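What follows is a structure written as structure tokens; I'll ask about it next.
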Amino acid sequence: MKKLIFVFLVVFAVVSVFSEVVNPDTFFYATIGEPDTLDPHYAYDTASGEVLYNVYENLIAYDGGSMADFVPLLSTAVPSVENGYLNDDGTVYVFPIRKGVTFHNGDPLTPEDVEYSFERALVFSPAAGPTWMLFEPLFGTHDIESMVEEYVGAAWGDIFDADMNPKSEYKQALIDFFNDVIDPAVEVEGDTVVFRLPKAFGPFMNILSQSSHWSGILDKEWCEGLGLWDGNADGWWKHHDWKKEDSPLYAQTNGTGPFKLVSWDRAQQKVFLERNDNYWREPAKLKQIVIAGIDEWSTRFAMLQSGEADLITTPAEYLPQVEELANVTVMSGLPTVNITALSFNWEIKPESKYVGSGKLDGEGVPLNFFTDENVRLGFAYAFNYQEFIDDTLNGLGINVPTVLPEGFLGYDGELEGYHLDFDKATNYFKRAFRGQLWQKGFKMTILYNTGNSSRQRSAEILRDNLAKINPKFKVEVAGVQWPSYLDARKNGTMPVYIIGWLADYPDPHNFIFTYYHSSGDYGKFYGEAFDAFARRPQPEFGGRSLNKMIELASVDPDPKMRQKLYVQIQEFVLDHGLSMALYQPLGLRAQRSWVKGYYRNPIRPGEDYYSLSKSE
Amino acid sequence: MPLVLIGVTLIVFSMMQILGPDKLLSAYVDANKLDKISIEEMEQLKDKYGLNDPLPIRYGKWLGNLVKGDLGWSIVGKEPVTQAIIHRLPYTIELALYALIPILGIGIWLGIKAAIHHNSWIDQLIRIFALVGWSLPDFVFGLVIILFFYVGVNWFPPQNLSNWAETIVRSAEYHQYTKFLTIDAILNLRFDIFWDALRHIIGPIITMSWLWWAYLLRITRSSMLEVLRKDYIRTARAKGLAEKEVINKHAKKNAMIPVVTVAGNMVIGLFMGVIIVESIFNRTGIGRFAARAAQQLDYASIMGSLLFSSVILIVGNLIIDISYALIDPRIRLE
Amino acid sequence: MSDKEPILKVKNLKTYFKTEDGIVKAVNGIDFDLCPGETLAIVGESGSGKSVTSLSIMRLLDTNGYIPEGEIIYKGKNVTKMSDSEMRSVRGNEIAMIFQEPMTALNPVFTIGEQITEAITLHMKMNEEDAKTRAVDLLRKVGIPEPEKRVDQYPHELSGGMRQRAMIAMALSCNPSILIADEPTTALDVTIQAQILELMKDLQKEFGMAIIFITHDLGVVAEMSDRAIVMYGGETVEQGDIVNIYKNPRHPYTWGLMNSIPRIDIDTERLWAIPGVVPSPLNFPKGCKFSNRCFLASDKCKTDHPGLETIENDHFSRCWHIDKLVEEVKKVRAGDK
């Protein structure tokens, strides 16, 4: 028996040495998680975005690492006023479509494919998807249902019967809606595709560029063959808002990009890409890409060490570990495009479990606690931003003044953000609620979702500092399971939100509108009191409201003017304590030294495998 | 059997339903996407996925679909639940089959050895061995194995296969007859892939082994000691049989009866999927699938896994009962 | 004793056990001979050392048992000095043993047939088929009806009496010269008991083996044996021809045993019992081991250990007051008439 084991081990050792094959053509990326769906009009996460980035192509792309300069891709020109492809108003964009490009299945790329791709995005527009970013510039709206309701003059639920067939009186209106409203927005004219906007929209090019996967170009014939929309006005509503799993594009792709999807093995959580040898540019250097979801850090780390993985997702806390490895290149301090911030809920719902007594009696907080600016500013100066960054992120973070990342238009390093200042905080708290807060104290709960250690830590730091300022300020930090967290968020019962925002596209509008406009995705959560506040004319803005200022800044064609406006907005935000930007994280990358060709573009989801190669 | 299954599934379904539609929504909203979803969108999702329907309707729908063979869509598996389970099953079964023999064989052998050399140093050594195996958490042990046997020497890597082997397996020339990595490798005459698959299985097996050896050897030892005290052992010796035969023939069979229970449960557990080992070694398997489903409240996957586990449990217990009957004639129904 | 050469000679056998509380002297020097075809009974209460004696002969002691002194000569060879393999060819083959509990003495997971053929194929050069035929024959001989059916049955499918018969069949399967029966009927009810004893006598006539019959039951002794040894505290206290012992008991212990059996022809209110219980093997009184329970005990008994005295030819007793006993016996027996 023992002899057998010994022999076995020896054979093992011998075989192992010879069975490892070094493969310069394959790239293995060990990351966390996996794609959600490969339907470009449904996906809204970076894992899906990465695959889509490498398999589909857009009309234009960012120039290398720049987030503001573009180069033509499937279009042959980047529209500008100078070259005439953009009109003076900034409302008509013309894209001449490149010839000689084929999809992975051999179909040629035509302008009809481009028109189809965008119109399908608008028609499909699933809930919680990314297509709202097309609606905003093209129509000034958020989704198709509200537009239909306005056009047809009836509620969405009334237009259709139980099987989602339109009632006879509405059918023609729906067809007309498509022809009158949707179709003209994107049209084929000769060899070009023309976009018509109701008014200028600064970030439009960002929304179209590679890295914005919802603007990827699909093959119309192939899609029709799969049972997707055929491009006609009649029946478009049948292709609206399908369930994620029902979309045929869920797990198959057909793009023009440098890589094709070979297989998405969901049992093993692996995506396999293969080089497209018929790519319209020089084919990629790498032949095979494997993107594997490996949740266990130690396992990923071991694979990097052994060389089986070329690149691994490295959370900031593991920086010291990867730094120790030989043969591994570590890049830290990489710029990113997300920010985690603490926002205040100006109108906490009465059923909240996190407000204690719900009154200003020292045992709770009143539901309108955060309508008092002094409270907000007191909180803002009660957080130790730098300590948090050093502690939890191993120093890999920037203390930004407001919720606008460094590197974006409008960012001003001179702006004085918040920092830990007990005196200032004390002063503000003493003024709050006409002195009553200081005397009575308060009690409330800050939530984090279990597993998210940075949110947990931020809550704890805040709690500890508040207690130091005044022992009557009692904050409880509670971790709840994801479902409960989501529930509390949705129902407006959390007193404060510690949440992050990852840029959809690298324009300040994406952040400022979201956080500070009362119709923004986050602004909406702050309650009616905030809404009233945001609409009120402000002296700092020369009588304009905050909302108005944000809207103006987004459409101004002059970048210098935009810069000025955004700085003004941020000063206002800081003065009135509208948010606490906790940190903008800096990226950390650990790859084997034989990986070459990497360049950083913070807005790009994942890797650009076309630019990568492996050599000693 | 169907009644038990209905009962179990109904109970679990109800427990989830108690959470309410807002909490159930979390299955459809990724943590990373939370920050980007509006309240209206959340409501739309709830309607779309029928989360607002009351329990009887939801359960009824599920049951109705079940009869048609449709277990619904698996959010964590990203494919229909039946497909998700079928795709992961071969990996779990393969690991279970390879783990079975060394774990059972060595565990029982150690127990018998300890019993025969009762109170000698061999016995003490084996019992200490068991104690360590018990106390050592398997996730720590698994990581240790990866540290020592993978990073440097590449003996026992994580994952199911090495990259180069994976590429070949997915290629058109390679036929996946059984979806069992080792068997297919042999059928395709690729012995290098066979070795590769085997190497990847050994790490997980060793990790699981120690703990199971501890259980098995304890129960075997005490059972064996009891049997050795019995009168019929004395009779066997009185007949003039050699001690070796007395132990191997007369004692062993009787000692196995309680061991079958422990071993049987272990085997059942193996076939249900071993989540920790699957996670650390990043192997595909039903264990991880079920655990992620539970974490994310993916009710379709939870119910599917539940059905699967229940079936395994019932079949497994049936086999255990049959084993009893085979070993011990007193238990036979005739 | 007949005039044949004894087949078994036990000389000054001592068997001790190492325990946590000290050395237990379970058998402390017994002597006897056994002639071919003869039945010798060893009588005593539990703890007297009678079972240990038989286990010593078979060398089936537990690991903490050992024979510090004494010889067991079987057909001229000293059993205590035999090698393991030699001993194994003796066990089951030349000397066979059956035990008290037929319920547990057979292995529940093997059939009767398997267990009998196992012995046969081990010691006799026979193939499986022939061995099985022989097994069926044996089962028939021991009086089990339908032996062809029974041979494939499991022990739990047979009643206690039948199991004991099967055990006997197993023991006799290799034609042993000596059969040691350790309380074979104690666990059976009385009617079955009688049958088994009858069976054993018949078999002895047919096969001619000597039997050592271990029991505490004097009634059984009377039926079965030619000679008897009464043991107490690991020693022989009385030994001799069975008729002599019954007619003329010469040891208070033997006398006590006889009297504690209820008799249908004597009318008594209470049964006579030997007072006290057998002391633990570490706690025997000094002097005569029976002294603390003996109705004839004197001071001498408590200090001096009596030796084995010859009363007549082949009748021995270990007591200081044999004559007093004789008188007592006469008195009581007279009163009976």
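The first chain written gets the first letter, and so on, giving A, B and C; residue counts start at 1 in each chain.
The rule we apply is simple: contacts are C-beta pairs under 8 Å (C-beta built on N, C-alpha and C of every residue); 3 or more make two chains touch, one makes a residue touch a chain.
Computed from a prediction, not measured in an experiment: that's the story for all the values here.
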Margin query: Taking each chain's centre as the mean of its CA atoms, which one is most distant from chain A?
Written below: C
Next item on the list: Please indicate the chain closest to the centre of the assembly, with centres calculated from CA atoms only.
Entry: B
Check: With respect to inter-chain C-beta contacts, which pair, A-B or B-C, contains the greater number?
Finding: A-B
Notebook entry, point to check: If you average the CA atoms of chain A and of chain C, how many Å lie between those two points?
Noted result: 93
Check: Can you give the whole-Å distance between the Cα centres of chain A and chain B?
Finding: 39
Notebook entry, point to check: CA centre of chain B versus CA centre of chain C: separation in Å?
Noted result: 56
Next item on the list: Spell out, as numbers or ranges, the residues of chain C touching 2 or more other chains.
Entry: none
Margin query: Help me check something: in the complex, which residues belonging to chain B touch chain C?
Written below: 230-232, 234-242, 250, 253-254, 327-330
Next item on the list: Using the touch definition up top, name the residues of chain C that touch chain B in the complex.
Entry: 58, 60, 88-93, 96-97, 99, 101, 104-110, 118-119, 122-123, 154, 156, 167, 170
Note to self: Touching residues of chain A toward chain B in the complex: what are they?
What the structure shows: 12-13, 15-17, 19-21, 23, 26, 28, 33-34, 36-37, 44-46, 127-128, 241, 243, 245, 251, 262-263, 266-269, 272, 288, 290, 292, 294-296, 298-299, 302-303, 305-306, 308, 449, 452, 482-487, 489-491, 499-502, 521-522, 524-525
Item checked: chain A-facing residues of chain B, complex -> 19-20, 22-27, 29-42, 44-45, 48-49, 73, 77-80, 84, 87-88, 91, 143, 146-147, 150-151, 153-155, 157-160, 162-164, 166-167, 170, 192, 195-196, 199, 279-282, 284, 296-297
